[in-house]
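Consider the two complexes below, in which chain A is the common component and chain B and chain C are the respective partners.
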Partner chain A sequence: MTEAVRRDARDDLFIDDAEDEDTQANKYMFFRIAGESYGIGIRHILEIIELQRISQVPDMPAYVKGVINLRGKVIPVVDLRLRFGLPERAYDDRTCIVVADISGATIGFIVDTVEEVIEIPEAQVEEAPRFRSQSGKDRYISGMGKVGEDVKILLDVEALVRDDDARAIAEAGREP
Partner chain B sequence: MKILGKLLVGFLAVATLCAVVGLSGVSNLRDLRGSLVTITDETIPSLHRLESLEKELLVVKVALRNLANPFVYEDEELAESQFANIERAREVYRPLLQELDSKAMVPEEAALWEGVNDRLAITVSYTDRVIKSARAILGADDPETRAAMLREQYAFVFGEGRLVLDEFIASVDELLEYDQDLYGRRMAADSVAATSTATLALLGLTVAAFVVAVALGVVLGRSISGSLRKVVLTLDRMAAGDLSQKLEIRSRDEFMQVRESVGTVQETVEAIIAETGRIADHIVSGRLTERADPTRFKGKYNELVCGVNETVEAMVGFIEAIPMPVMAIDKDFRVIFMNKAGAALGGATGEQLVSARRQCSELFRTGDCKTEDCACAKAMQINGQAQSQTEARPGAHRLDIDYIGVPIHDRQGAVVGALEIVIDQTAVKAAQRTMEKVSAYQGAEIERVTRNLGKIAAGDLGCDFELAEADEDTAQVRERFATIRDALRASVDAIHSLVTDADTLAQAAVDGRLQTRADAARHRGDYRKIIEGVNRTLDLVIAPVNETIEILKRMAEGDLTSEMTGDFNGDFDVLKSAINETLASINELLGQVTLAVEQVAAGSQQVSQASQALSQGATEQASSLEEITSSITEIAAQTKRNTDSAVEMNGLAMSARDGAERGNSQMSELVSAMSDINSSAEEIRKIVKAIDDISFQINLLALNANVEAARAGKYGKGFAVVAEEVRNLAVRSAGSVQETTKMVDDAIANIARGNGLVDVTAKQLQEIVGGSAKVAGLSEEVSTAGKEQSQGLDQISTGLTQIDQVTQANTASAEESASAAEELSSQAQQLKAMLSRFKLRAREARLTDEDVMRMLQSEMGRRGLSSRSGITLRRDAAPAPAPTQAVAKKPAIAARAARAPINPADVIALDDDDFGKF
Partner chain C sequence: MKQVDEETREILDSFIAEALERLDEAEDALSKLADGGDASGLGSVFRLFHSLKGSAAFLDLDSIRGLTHEAETLIDYYVKAERPPSQESLDIVYQTIDLLRALVGRVQASYGDDGREDAVAAQVAAIRANVEASRADGSGSAPEPAPEAEPAPEADPAPPPERLNEIVLNELVTRDMTERFLAESLDLVDRLESGALGLLSAPDPAESVHSMFRAVHTIKGNAGFFGYGLLEGLCMEAEAFLDRCRKGSTAPNEAFVNGALSHVDALNRAMASVSIVEGGYGGDSGAEGKGPAFPAPAEASAAPAGGAAYKPIGEILVEMGAADQEAVRRALDQQEKPLGELLVDSGAATREAVASALEIQRGIEARPAAPAARGEELQRRDVRVDTAKLDKLFDLVGELITAEAIVVNSPDLKGLRLDHFQKSFNALNKISREIQETTMVIRMIPMEGLFNKMTRLVRDLSRKFGKPVDFRVSGQETEMDRNVIEQISDPLVHILRNSIDHGLESPDGRGAAGKPATGVVSLDARYEGSEIWVSVKDDGKGLDREAILAKAAERGLLKADPATIEDRDAWNFIFEPGFSTAKVLSEVSGRGVGMDVVRKNLERIRGAVDVRSTPGQGTEFVLRIPLTMAIIEGITVRVGDSSYSIPLSDILEFFRAAPGQLTLAADGTETVNLRGDVLPLVKLWRVFGVSGAAERPEDGILLVVKAGGRKAALLIDEVVGNQQIVIKSLSEYLGKIDGLSGCSILGDGTVSFIIDTGKLLSAVLE
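Coming up: the complex of A and B.
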């Protein structure tokens, strides 16, 4: 590990300034829901915060838990467990809100806990298997990343809010 | 005027008025009849004639018309019939016309009749002409002439003569109508008016007659009834006893005579009342000789006065008939009445005494006369009855009298004299004196008789048979008492002889000479019965005594079979039955005694046998007891050892308990230490948690830094590496924390387990403490029990020694009882021999041995012994050999059996079956 860091640091020293490398590409931030690891492209991530007090908003889909005040900015929060149709569970001190930017709209996703940021080259990403005949939940799965022996689910964040309801939420979180 | 005259005048006036009314009615009726005759005889026939005339004229009219008809002439017969019709009509109405002409008529009627007559002439000529021409036509042969004549005829009838007959009929009609009007209406109205006038007149007359009749009736009635009322009033008063009212009638008719008659009646009645009143005054005031004068009155009044006199006579007759002097005196004590009895004393008649106006004191010359003691004077003075006694000396007599004075009142209630009734007591007084003397004599003699009777009653026959001397008054009484004395003397003699005989018999009975008898012929009546009774008594006493002696003699000889058979009464029967019962009882008793003796003999044999068996058993018992004693000694030694072991065990148990208690306290300390460790582990867990939180925060920061670094492009790369490193450190520390947590959790779990084990151990230790305490207690109890046991064994040993002694004693007793039973048996035999001397009645004498055994059985059952207790009575029970064998087999059991609390006296034998139970 130390070797790798050192090598990366050396590489950085030789990186040409003109050569604008996309440092966000292929990097995914992984979090855990119901024992399963999910990844979101790091470019969508604004920050990760601990659970805050959520103000409930009436007349919203069940998975929209409400809004939070993030340093003076009101953003909606979505419980991904509920969004994925999994059973709800009580929040604990490991529960985090992943604040993401989706096409200019800021949305918080409540996850069981966050894990790490991993870079997965495109070659290691395979398309998600298609089960159209089923409920179509995989439409927000962008692909399956292989990390060593593991396979991690990569989420299409935009697709998460592609639905009408989700879009409305996204609208609510968009900058005026 | 007399009443008859008045009534005749009145009735005549009424009759006259009735005649006037009747005559007036008759005249009116006659007028009415006249008008009715006029109507029936004249008016109605006249009208009828007119109507007939009119009818006939109509016939003529028709016939004439027919004659104007040419066809009538065709038939000659028809034409002739027309002529005949006319002729007949003419014949009918011609007399009618004459009658009508002769009728009286009023002027208007006459004028109308004139018109009718005028028309009649015209009509007759017309009719004649028609008839004439008709005849001519019938006679004409030439048809032309005939036709011409026919035409002429027709023209005449229907032309010129057409109205002739009609006018005639009209005039008749006119007359008829007038007549109808005249007779039917006007004349009827006239007769109605006449009738009502007559009715009114009749009514007026009737009313006048009624009024006159009523007035006459009232006047006459008042005058008669007024007088009658006065008479009735006066008579009513007379009936009520008021004669003062005189009848006041001034009219000169028959009531005048009534007034005079009533006056006479009143005067007569008043005179009678006055006369009877006078007599009443005399009688009331005591002048009983006065009488009324009946000659002044006649008829029934005479009878009335005579009746009063008779009444007085009857009353005075009663007084005269009283056989004691009765006298009436006035206030001056002059005699105004004296009855026959009184007058006889005075030697004169009552009338002579009264007319002589003698004073009563001159007649009777009593001690009371002219003193204040005179009962008549007192009666007059106090105005009430008074009574007195004195001595009177009228004429030559001398009398003891009681007399009563009663005051006499006149009708106004004033005292005017007194009535004296004298009762002659002279004879009564003399009789009284004689009676007193007789009574005294009788008293003395009765006392003597009473005394004698008392002596007889007391058994003393020495009586006093004296009699007092008598004078002429008491001689008769003395005779009676002499009779009584003689009777008494006879009685005493009879009793005396009876007593003598009875005494003799009694003395003989006392001396035992029961053959002695008295001579009953010497006595009479009931006395004889007594002596005979005594004799019979002795006879009866002797028989049972003799029989009793006989029976007792036989009893003495031992013969108890006889009994008394004589027929005795009362107490002798009781004696007989008592002796018989005694014999029966002795029989019964001796029978039972015999039975008992036999029982005793049998029983004593049994007892002897049983005692021998008992003696043998007691010897065996003694040897068994020795064995038991040695066993007990061994047990005592063993018990002693047990007790020692128990004491030792107690010490061990105490030390075990102490050890356990110590372990228990140390265990408590261990538990508290474990608890401390547990709390420390909790602290560690908290710290670990804090570290874990921090590493999470760091991880979060690292991730954010990573995100930021990525966003910063290649300039952020180095920062990203640092962030990654930081994150790795955080992850590692988190892993360490996780391990630490796991270790702490394990430690806590171990501690908890250790805690549980410690608890269990502590509990077990507690139980050990309790158990060892219990063991200590128990071992102490064991040692105590051992001590008690050895004490008990000592006692048992002592008891056994006593039993041994008792057994020895038993053996001796059994031997003694055996010998006693032998003796008893021989005595029983002796008794039996003695009893056999008595000759008993057959029934109870014989008794089988079975009977004896049965009786013994029942006797024992009664005493509460039964076969269940293992003791039965067996007649042939030989001394049982079994106990010896039993003892040989099992001495202990035999010893126990020997110890059983059985009274040796009750033990006769043991049943064979009972040995099986051992």
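Coming up: the complex of A and C.
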């Protein structure tokens, strides 16, 4: 069943490759973390792979699980659960790595399970409400998408990697 | 082109490959000899020529046989006389090698080595003269047997000396160099063109003009080096044109773009003429009108005698007497329209004259053009591959190996007896390992080729400026990604030119400063932590701090009080575009463009350049290049679940410690006593926060490492193996990690982290 879902998601992705940017713009790939559905703009997504052996990297925040060998390319993987400050959960056979391209950098996100690709017209996307008491994860929300009666959370992936501790570490570590 | 049967062609092909290799070896041996290597090198050069002669005689390649025979005689003299060859003799041998290469090129193109008899005869005569001179020089040596009476038939007519000279000069340039020059220059002209086309919409027009200027400048430098006067002249004009905009006296507007494009066209046409007439490697190319110097095989027989070079329209008009030189030059200066139109407009030429000149020009252009003449058939049998494809291949191989491991460890196979499967798998595995190794090797090349090129450059520059140079090369075995080598070639050329032109004093000046007349320039490459350092060092007069600061102030670059500026910052000014303190422009350096290229190219490969300079003692440039794709020999170890690799050169030994060797001080400092040497103990699991590792020293292995003057014992779980490691940089997202220089993918697909021993020790120890 996991396989089927994943294949569906992939098929959609590959069809989209041939389409132009405009049609990609309103499509989101949704995945589930702790019972909640999150979407990432499909133009960022390179592929979805099964969980694989992760090599732990020293000196990293807990949500940076390490690096994987993606066909000869070493890419960092981030556990989105931990990134959002949610409790850790053992990985199972539905756990996936969503490989995304974020302004040229390839990064993998570990998610509980991958759901589907949905097109949400711009008119159906509303700005995320901002609360004073906002916890960490809400800062990465780019908007709320309405799909029929459902409201889905859309993530700003760039903010996800830009505005965080790892980035700060990276900046600090870089030579002047 | 001779008609040859399949078999002969095969023999000739293998001869060509062998000959090119032999010639490379010979040149290599000679450059070692020039470095003061032992005389046995000479023996090997002799053997190389000798075996070449044998093969050539067998294949009836008379020019090559004749030439190798003479060269052999010359070298034989020095071998027997047991003395190092004189400078002149070395020159002659180098020239002979170049001519031989050209002849081999002919064999490749037309299956025969004829057609260059003049050049061969001249070279033979030059060698003979040199043998005589050398004998006369080596007065003390025993009388030599007269040269064997086996004169090459074409050797007889000794050419007059002027002719000889000309050939000798031309022969300095090899076909290979010309081809590379053309390819590079065409790229640069393309860059110039796209720069011009995009100028009006460029976000930073000034930078675009700088980059266009740099492109032209590089072509000019090379053209000057190759002696292509026409091209060099055109470049100078283009430079002057662009310079006006650089200096701000013309605005980068539509008219400027048109002007720049007309320069592009002129350069392109001149380049085409280079490949047809000036073309080549060839001595006889000096005699205009001999037709293409490298005819593509199909055209070789049909190549018309009397082919003429492309000429700018202005030149043709002047020759026709339809316009005078001065009018053409004036028109060129303000050229925004086709030259012919301008001349008509200004009344300097009639419309009819221009029309007929254009006719002539077209006639020239219609001849077999450059691309055909630059036929692939002439090249060595190597292929230029886009490195993106190599990257892709490399990734695929990684994937293959991983997939293979997955197949063989498949749970479906558990518990089955698989004798045949195992055998087949072993065969498959052997092949895939080999593919992996080959792929790795493809991308990495030793710096030797680049360094040889530089040796040649220094030689030529040293003669050009009349400054004797002792050029010392080391570390040429250091391997680097092919791409990176290409990127540092230009910077090295510029730095070396500067060192010899500006850095080294004239022999008289050196004498006055109490230095030996011969200047020392050294070129070195070495691994330094996570970088490769390529350094160029001279013992010249050093950078002139005052002049640099004065110039910086004049250009408005100086923001602080000159007295407070650190040397390091002062030296950085020389990398500013258009920065030059030279009072006289010389042919090869002085416009201040070169150093700008140095910095640009290094930034492109995420490297940096350091300058150290001491007045009166010399200057050192260090190009620091990150090891993105370098290969090191390393030991891979396991710590808990993680793999780490340590450069083999940092490792002294490893051992299992007995409890008696270990000491734990009250403050937590742990040391191990190894044969009386007390080493600090560094627990890698603790440094890198690895869980599940052997935590007590006596449960693991101690690896004794040394780097940056420090020695320590690293605690690891076990040694996994010793292998070639391809260094990859870690994702930028992760930033720099203390003590690690990158990562690598092991044969089984696991990622191992490469330890930068020096940084690790300096981070952990006081």
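Throughout what follows, the second predicted complex is superposed on the first by the 139 of 176 C-alpha atoms of A that agree within 3 Å, B and C clash if a C-alpha of one lies under 4 Å from a C-alpha of the other, contacts with A are read in each partner's own complex, and residues count from 1 in each chain.
The rule we apply is simple: contacts are C-beta pairs under 8 Å (C-beta built on N, C-alpha and C of every residue); 3 or more make two chains touch, one makes a residue touch a chain.
Nothing here was measured: the structure is a model prediction, and the numbers come from that model.
*Asks:* Give one of first, second, both or neither to describe whether A:76 is in contact with chain B, with chain C, with both, or with none.
*Replies:* Touch partner of A:76: chain C, not chain B.
*Asks:* Under the stated touch criterion, which partner chain does A:159 make contact with: chain B (first), chain C (second), both, or neither?
*Replies:* Neither chain B nor chain C is touched by A:159.
*Asks:* Quick one: classify A:67 as touching chain B (first), chain C (second), both or neither.
*Replies:* second
*Asks:* Go through the superposed model and pick first if A:106 touches only chain B, second if only chain C, both, or neither.
*Replies:* A:106: touches chain C, not chain B.
*Asks:* So, does A:29 touch the first partner chain B, the second partner chain C, both, or neither?
*Replies:* The answer is first: A:29 touches chain B but not chain C.
*Asks:* Quick one: is A:51 in contact with chain B, with chain C, with both, or with neither? Answer first, second, both or neither.
*Replies:* It touches nothing on chain B or chain C.
*Asks:* Quick one: classify A:128 as touching chain B (first), chain C (second), both or neither.
*Replies:* After superposing on A, A:128 lies clear of both chain B and chain C.
*Asks:* Could you pull out which chain B residues touch chain A in their complex?
*Replies:* 693, 696, 699-700, 703-704, 706-707, 709-714, 716-718, 720-721, 724-725, 727-728, 731
*Asks:* State the interface residues of chain A toward chain C in the complex, per the touch definition above.
*Replies:* Within the complex, chain A touches chain C at residues 53, 55-60, 64, 67-69, 71-76, 105-107, 161, 166-167, 169-175.
*Asks:* Using the touch definition from the top, list the residues of chain C that touch chain A in their complex.
*Replies:* Interface residues on the chain C side: 394-399, 402, 641-643, 687-690, 728, 730-740, 743, 745, 749-753.
*Asks:* Looking at the complex, which residues from chain A come into contact with chain B?
*Replies:* For this pair, the touching residues of chain A are 1, 5, 8-9, 12, 15, 17, 20-24, 27, 29, 42-43, 45-48, 50, 93-94, 96, 114, 116-117.
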